[in-house]
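The data blocks that follow each hold one structure.
You will see two complexes here that share chain A, one where it goes with chain B and one where it goes with chain C.
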Partner chain A sequence: MATTKGGVPRRKFLKGAASAAAVGAFATTITGFPHIAGAQAKVIRVGMPTILSGRVAILGTSSRAAAQLAVKEFNESGGVNGRMIELVDRDSKGRPDEAAKVTRDLINNDGCEIIIDAEASSGSFAVQEVIRDLPVLCLHTCSETSSLTADPKIHVKTAFRSARQGIHDAVAGGKYASAISKSKGLKRWMTCSPDYAYGRDNTAEFLEYLKIFDPNVEVVDQVWPKLFQPDYTENITKILQVKPQAMYSALWGGDLVAFIEQSNLYSLFNNITFFSGGLGDPPVLTAIKNLPAGLNTVYRYNRFYPNKPGNQAFAEGYNGIAKQEPTNWSWQNRLACSFIFEALKRTNGKTEGTALASELKGMALDSPFAVEDKITMRDSDHTIIGYPAAWGVTSSKFPYVENFTAPAWSEIIQLESEWKKRKGYA
Partner chain B sequence: MELEALAGCLSSMSCAVTQVSTGLIIGMLLFLVASGLSLIFGVLGVINFAHGSFYMIGAYFAFSAYQLTDSFTLAILSGALGVGIFGMAFERLFMSKVYGRDVLMQLLVCYAFILILDDMVKILYGAEYKLMGMPQTFALPPFQIAGGFIPSYYVFMIGISAVVGLVLWLGIAKTRFGKVVRAAAINPTMVGALGINTTLLYAFVFGVGSMLAGTAGALAAPIRTLTPGMGLSILIESFIVTVIGGMGSIVGAFIAALLIGLTRSFGSMGFPLFVDGMMFGIMALVLILKPSGLLGRPVH
Partner chain C sequence: MLGRSSLRDLAWAALLLVGLLVLPILVPHPAMRDFVIYVIAYGLLAMSLNLLVGFTGLVSFGHAAYFASGAYIFGLLMQSGNVSLPVAMLAAVGGTALLALVIGAICVRLKEIYFAFLTLAFQMFIHSIILTWVSLTGGDQGLMGGIPRPTFLGIDLNDSMTLYSFCAVVFVACLVIMRQIVQSPFGYTLRMIRDNPHRANFLGVNVVRMKLAIFVISGTMASVGGIVMALFVSGAYPEFGFWTTSGEAIFMIMLGGTQLFIGPLVGAILLQTLNHYVTIYTEHHGLVLGIVILIFVLGLRRGLADFVYLWFQDRRTRKLEKETGR
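Up next, the complex of A and B:
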């Protein structure tokens, strides 16, 4: 005897349920539309794949802390249209395949309607492909690799970058370094950068613009220590033998800390003008026990640059929860949250990827991190402009970098567009 | 290949002095770690795959002691003795259970401890890098010898490593206790039959081997960044050293460590893109020509 449920025979009910499930699964497979659990719920879930373990865990922990702070403030201010935001983070362990997997899980299983991709570059390229399949709004917040947004072949309509971009830093760095090389007569240059894609690309871009601004520069040697190499003595003594007048390094994080401490033992910086692509991050600056004054570094984060009350308030708030100064990744994630919140306000809480993306395109946001007033999410290639592409000098006084100088954004954009043409991106 | 630069360096006294000292700096620290690995294998017949993690916790012990006391001497002692005691406990509680078992079982126990120790460090110190900082005593300009540069801390580090190595060699080769250790390595049953407590002896030897790794970690703490997992790279190089020098030979480990150190330092001048390849090349050559290593006992 068939039992019934609400007047429908049990067998018929089960058949219908199975058919519905099959159709749903089929639709998901064929169309690629994500199953977004709780899409109608009040809470908007924002997923964050990031690196929370291993040698670069600080990338993830400082990204997450900044996003948590932003979400807390947003929710305390009432959310959007009565909807609050919940941040869901997952550890990718720095592996691109894992980054792609956790991003899919965040969207399909955890019901995340927006993704903040706080991955390093290799992970970001993997996440970009997931977003192509599951087109929720995604903001890349840590990858500085220019091609992620500059290359039209990998463009994704709902993916954006809220992070500094390598080519912008290269133009700013080349201009800054060339001014010093010309005034001090620094002709013999050397580089010491980690031997992997980022280290080599970043160094090549810096040298390209250094030579454009100062054609007299000659690169006499280059050393390529391994990524995460514990000891740099062999590289440092080689630099001593080559005797360059100036040096550029794309080392970063703990590797840069070790390199500078070990270089101090040889008094390396007494006779070499040093330019760094990673020294400006406050945790790096504070980890170095004997920070030499007068080293040149790209801006990563500084609570007094841009010198705005909003920037200092951000640093204070961040310090309150993380017990340290924000990193470069912190402000980039904070900015990404601001973009997302503003887009949500404009869509009145609607989270559909293309709707949010159309609001983000060309959005100019008042930001404490803007060099002038606004940071703009450029319409043409979904990346930000107007942030501090600046260089400064280390000092013994907190926050350990001062005298920031930055080229005008109009000049950066002009040289960037020429670079894009050369690369076939425009 | 930049053989011209290498030849130029060898013909310049200042360059040769700097690069030889670089070889010693790299080699002596490596020797401390590798000699511990070799000692444990030579006597106990087990390969301590967790040895790199012992180097890591030596560095963290030193870091903590330096933070607490501001004494560099106490920092070094904490790293060395702390890891020595930890090693003895590890041997008694875990490694002793897998003596004579399949090597895969030993590998499993060690690998589990690599993961456990990495996570413990992460929980206690955080995942971010740490730096102990250079003691004020060594905050001096580098010494100049024949135009070459040698930092004072590295002179100290080479000296300490050499003294530790010498004491170890004398202890093994010239003392009665050393004879017992060597006898236990060849015939532990006979040593036990003579009334010597081999259980205690094994734990002690494992402790000394661990202490060498801890000492290396403590000496590295002022100049290298401390991170969970930092032991992996030195473990790989230590295995290269023990294979070249011969498993179980302290003198072999010393020679091989210097060979690797000098390969790295002069290699960075002459073949900078093939330094790692050259290290493995030397190891392969030794394995082909003398499979037991330069000074290792032939395995029958």
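Up next, the complex of A and C:
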């Protein structure tokens, strides 16, 4: 006999509930859709399309926490011209088409007048095209793909990048690694990077500049594990067979954690000098159970580098919200907020895209993340320079990376301009 | 000469087109236009898949390959700057038809789970090509730099209202074509193949050829969805051809139903609406969507359109029985 609920048969009740929900959703679609929020003139809405679910959700959650902290501090200081800022985040699920859709929604539907694009690279290229159509101010805060701002064909007048980029890291990495290879006589190199465009491009660029700075380097083998591969035994065995003196890896996130932990079982790092393009992120460092000391890593974030009170205050504030150390994406989003706030102050709260963009071009900020005097939003290609393009060494002591060294930005810029000429970007 | 049912279908199509064109006047909000374009793109994907799943009994797990193929061929041709927009659209549709013909010629000879898995394998093969042929496709970054929309025949798709109207016209044209196919003798032959392929074969129907024909038509219609999406987001991305996109199309069919022609479209509207709202309020959208699908599967035991249709049928039957006193 069917169970009844207040005299209504269970199946009928379930059917009714499902139909009501479905019809309700449909009716909403026809009549009240879509969630028209309407901008409040007093509040400046800043939209943030990002990845909040799935394997790389930490990109979105750590970006959002940093932006929330920045907005909170800005509003507590009185806002601009009496106007406060409201952050509206939206999950793109890591899908570029969804990133384009939610960005359009944030602008058209939620009344966002500024966009902080905290998408991964492919999503950022999709958002860039939305900004071409709907020219509000946009700051890309997570994409490290150089062409996003270097390629003039992709250039959008109101879009900027407040994030590190591949070419800067490649120059800094090549310079840093070559100094070690020369001093230790590391000639036989190997790479182990994820088999997709970022992994291959990043590795190629690192090797290109390593060989420019140290022509004696020879790449004896390369292994390409799949993205999100759970078991690296095959790759580690290959590395042990080849016996390189040094190794570069563009693995990142959980993949890098798994690779290092599995490599520890084989004592891989005892005889190989290891260079990593992704190890410097505090959540990665703390996720590794037995972090070997002496591994070389690019700077992702460190509360003591640059060693400025503002940087440590940021880390403390961020920890208060997120209950963990900031990530690379966190400082980049915090910096983006600083650029936006300064531009808003200069326009006296005017949010028109071109007005804000003209203020942002060439803007130099006193930032806690600046390695030299300031971080500058370069006028010519809308990207930042002066941030920490540094490398350090892992240690067992918090915050697990120390002895950062960075090349002079003048040198990075010179090599970058040559790279741009070779690529046909300049 | 057109039959009465064809004329009725055309009248419905005209009404739908008028409704779509009037909608932005009634709700003059850009977000509404964006939402409808999104539904059009995914609606075409789901409806074209239903030609296989609902009408022929072929469950394809790799339908997004044709969605991606349409988007990439169209995007690449437009970026080359050598062809006009309508020519690029036709080439994308033609190229996808050719691709579906090759894949279909291998797949339709298999049945049930073997067919499903082979279509999935081909999809993943195409997805891998997109990822690895970086110089052509941009790899995992997708087609970068936007897709130009040059004016043709005085139509400027850079204007958002014109783009919306264009997508609406293309959508209704595709619906008319698919409806005519479903209602034609060919369409009824497909239903016969779905219900009893041996009997169809016994009656002289070349089952493999019929299946291949609908496989190609279905892939072609999915490519139009891909073109609409590429126009909307001004790009093409590997995710278009990933298995999750095929999975979404199957979800849409499950939500909307397979038996009614517009069932998958209802499913596309439902899924996109749920997606839109759930994403605003929580990042646990997978959980919410899963619960909704469970409600449909356990509560309705069929898609919404099928459920409503059968409910009306039951009511009518009961009314007739009451009237005749039986």
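Following the convention adopted for this analysis, the second predicted complex is superposed on the first by the 386 of 426 C-alpha atoms of A that agree within 3 Å, B and C clash if a C-alpha of one lies under 4 Å from a C-alpha of the other, contacts with A are read in each partner's own complex, and residues count from 1 in each chain.
FYI, a residue touches a chain if its C-beta (ideal position, glycine included) is under 8 Å from a C-beta of that chain, and two chains touch if they have at least 3 such contacts.
From a predicted model like this one, the values you see are computed outputs, not experimental measurements.
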| item | value |
| --- | --- |
| Partner chain in contact with A:53 - chain B first, chain C second, else both or neither | both |
| Partner chain(s) touched by A:262 [first = chain B, second = chain C, both, neither] | first |
| Which superposed partner A:72 touches (first chain B, second chain C, both, neither) | neither |
| Of chain B and chain C, the chain that contacts the larger number of chain A residues | C |
| First (chain B), second (chain C), both or neither touched by A:145 | second |
| Touched partner set for A:157, first chain B, second chain C, both or neither | neither |
| Partner chain(s) touched by A:346 [first = chain B, second = chain C, both, neither] | neither |
| Chain B versus chain C as contact partner of A:253, first or second or both or neither | first |
| Where chain A meets both chain C and chain B, residue numbers | 52-53, 57 |
| Chain B to chain A touching residues, read off their complex | 9, 15, 18-19, 21-22, 25-26, 29, 122, 127-134, 138-139, 141-142, 149, 151-154, 220, 222-225, 227-230, 233-234, 264-265, 267-269, 272-273, 275-276 |
| Chain C - residues contacting chain A, complex | 27, 29-32, 34-35, 38, 131, 134, 138-142, 144-146, 158, 160, 229, 232-235, 237-240, 266, 269-270, 273-274, 276-277, 279-280, 283-286, 292, 295-296, 298-300, 304, 307-308 |
| Residues of chain A defined as touching chain B within the complex | 52-55, 57-58, 61, 223-224, 226, 228-231, 233-235, 237-238, 240-241, 253-255, 257-258, 261-262, 264-267, 283, 287-290 |
| Chain C-facing residues of chain A, complex | 11, 14-15, 17-19, 21-22, 25-26, 28-29, 33-36, 52-53, 57, 90-91, 93, 95-97, 100-102, 104-105, 108-109, 121-122, 125-126, 128-130, 132-133, 145, 147, 151, 153-154, 196-198, 200 |
